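Quick one: structure below, then a few questions.
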């Protein structure tokens, strides 16, 4: 594959198939267990099924999909952790799984819950080890640390052992660690899991600045659409190992012209008919709460009416509902829009 | 009482699942027994009696000890279970339930031990047959089994005491190691205490560790007459009682200090 | 794209880099274990008690016999000391004990996407250097104490040879543990792996394997090489061994064999990890 000058990632007909032992029927007898040991049956699972796309330098790509869609597998394939069973990947001129050692100098990766930092020691000590792994010289290291301190204020975290950090602080430190060597490309797999709203937005701001200041290409995989909406200009939706949508986040927003309103009450309430007529569909409805799909143009009125209702405890406006979008995409056929 | 039985039943189920794993543990066992047998063979070629043990008695002793070591494996982690329950806040979950913390661990351990002993039995018989060793008579065997449960209880309460130190400090491991090393000196795991110089034997009589390996294994090997065996069982009961009281008082004192942090 | 490639020539040689990384990981593990580290004196006391067990064992036996084959009491005491020291040296490779768990949790991913050898990193981050030091220092002191108590002197060359063999033996056993731990790629975290990984619990190293029948002695020298941990170093120290160079060559050959097997298993294990989707 010829490298086009400003394309950093090129994926063609990528496939990853793996063998999983079949879940046998429960056997509690010893004979059954021995039998099972010798007669393993395997099935083939296509985690990634014939995917093609490319990413240009400086893009902020969101990869979303339900659990088991293959997002993590795709990220690992791009990072060189897994080897494709079919198709080809070219990232920055390297074949990730083949040129692993050389290639890894040029990428940064944050894998969800698997920590880059050692638990009992101050953050800075972990950073020092990674400095040596990435062969960064002292001066460059110092500059980098200063840059992080100035830009993201994590210098106050440097001397604290990781175990004493909150999840949000830890995540920021992890991302800093993964950017220590100033890679042109950064992969993140579920970086916002378990974070509260404030911590989440700090992380997303962090990445936005990295992208704008350093032109770092970022690919972030998440099952939370709101993250992608805020951060990314391009989104890939995966389902069952395939990409069913590849386009601008704006366009995605247009696929679904609704918002989802989630409201909770402290006492039993019933929705006045003037409001319930505006509801296109109830996703969930109990005596104390509801999740309703409302057309975009009706949202403001609906929300102010709900806020006026007595006994309101909490109200949340969610912009996208992944399952609904995926269903819509399937109904309208695969949507792929070139930019 | 019923709830402890159901805890035991659950532990029984878990252990059954791991039956295959347990057999794997016996991989090294035949090798170590073989080595011991051959070494003692050489030693006994220079003298017929060591500390009142003949060759056959000695090998029987080691057979019993090795199998006890394998069966008690799970017990060595109890102090760590207590340590992590205290430090990671899981203890709070137990305290909020109408079940005694110590007893539920004891119940689980009794279940685990019973299964291990069950699997140990055929190995004992086969090994004795292969090495042409005399099996103990029925009475000795019965006393041996009772003794095993008592020694496991002694081990359990010692481990529990070490674990409760976590109420006061996180650094329990130094104490643990020191205690366990002293224990290995006086427990009879390395060699029957009767072989040691008399000073060592004297000291061991005042410590509970003797009850862990030396007493049961000597009963099995036939070193003790039935009267002596009963007497030593009595000593085991005494230590079980003392350590039980000690562990509970540690626990209750520690509970006052417990601030349910962590988690 | 070409500017990235040019940087390649600025990179360190891989082997040199990993040597350099050893230092970084030594600093890391030293700081990381601060919390669980015992005070040095307690650690020393630990080691002494363990070794004392073996010493007491032999002392008691020698209350009933005068010699064991061609072994005298002080020689067996030294053998016990060598045995204990060799296991503590093995703590350099304590990382093998944790590999099954790490593979199951997917912890190897974080090293797979970085410019460092994953197996090296998994081991280096768990080195228990303080245990090693404790063993060497205390063992050394006990050795000197024993020799002076019994009034024995040994030649320097024998001392160096015996310690060298002990080192090789330690490494060989660690490599065997490594191979066993890598079975986790095929059998998961089955607990029978632990039986072999915790071989030192059985105390096999305090017995002289050369008094055993020839075939058994060979088994314990070449198959499960505990003989190289204590028996043969002790024989060399006291000048009882005439075939020193042969023993050394066999020990090194053994070590090379297990290192080779280890690297093969790692490669195949990672491939299997890959084909199982990680």
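For the reader, a short list of remarks on this structure follows.
Chains: A, B and C, in written order; residue numbering restarts at 1 for each.
Note that a residue touches a chain if its C-beta (ideal position, glycine included) is under 8 Å from a C-beta of that chain, and two chains touch if they have at least 3 such contacts.
Owing to the predicted nature of the structure, the values given are computational and were not obtained by experimental measurement.
Averaging C-alpha coordinates per chain and comparing to subunit A, the farthest chain turns out to be B.
Comparing per-chain C-alpha centres with the mean over every protein C-alpha atom, the closest match is chain C.
Centre-to-centre spacing of subunit B and subunit C amounts to 28 Å, using the average Cα coordinate of each chain. Computed centre separation for the pair subunit A/subunit C is 43 angstrom, with centres defined by C-alpha atoms. Here the spacing of subunit A and subunit B, counted between their Cα centres, is 50 Å. Annotation for subunit A: no residues touch two or more other chains. Residues of subunit C in contact with two or more other chains: 35.
Across the interface of their complex, subunit B is touched by residues 35-36, 38-39, 42-43, 45-46, 49-50, 52-54, 56-57, 59-61, 63-69, 190-193, 195-196, 199, 201-204, 207, 209, 211-213, 216, 220, 224 of subunit C. Across the interface of their complex, subunit C is touched by residues 3, 5, 16, 18-20, 45, 47, 73, 76, 79-83, 92-93, 100-102, 104-107, 109, 111, 114-116, 118-121, 125-126, 128-130, 132-135, 184 of subunit A.
Residues 18, 21-25, 27-28, 31-32, 34-36, 38-39, 42-43, 46-47, 49-51, 69, 170-171, 173-174, 177-178, 181-182, 184-185, 190-191, 195-197, 200 of subunit B touch subunit C in their complex. Per the touch definition, subunit C reaches subunit A in the complex via residues 1, 4-5, 7-8, 11-12, 14, 17, 20-21, 24-25, 27-28, 31-35, 105-107, 109-110, 112-116, 125, 274-278.
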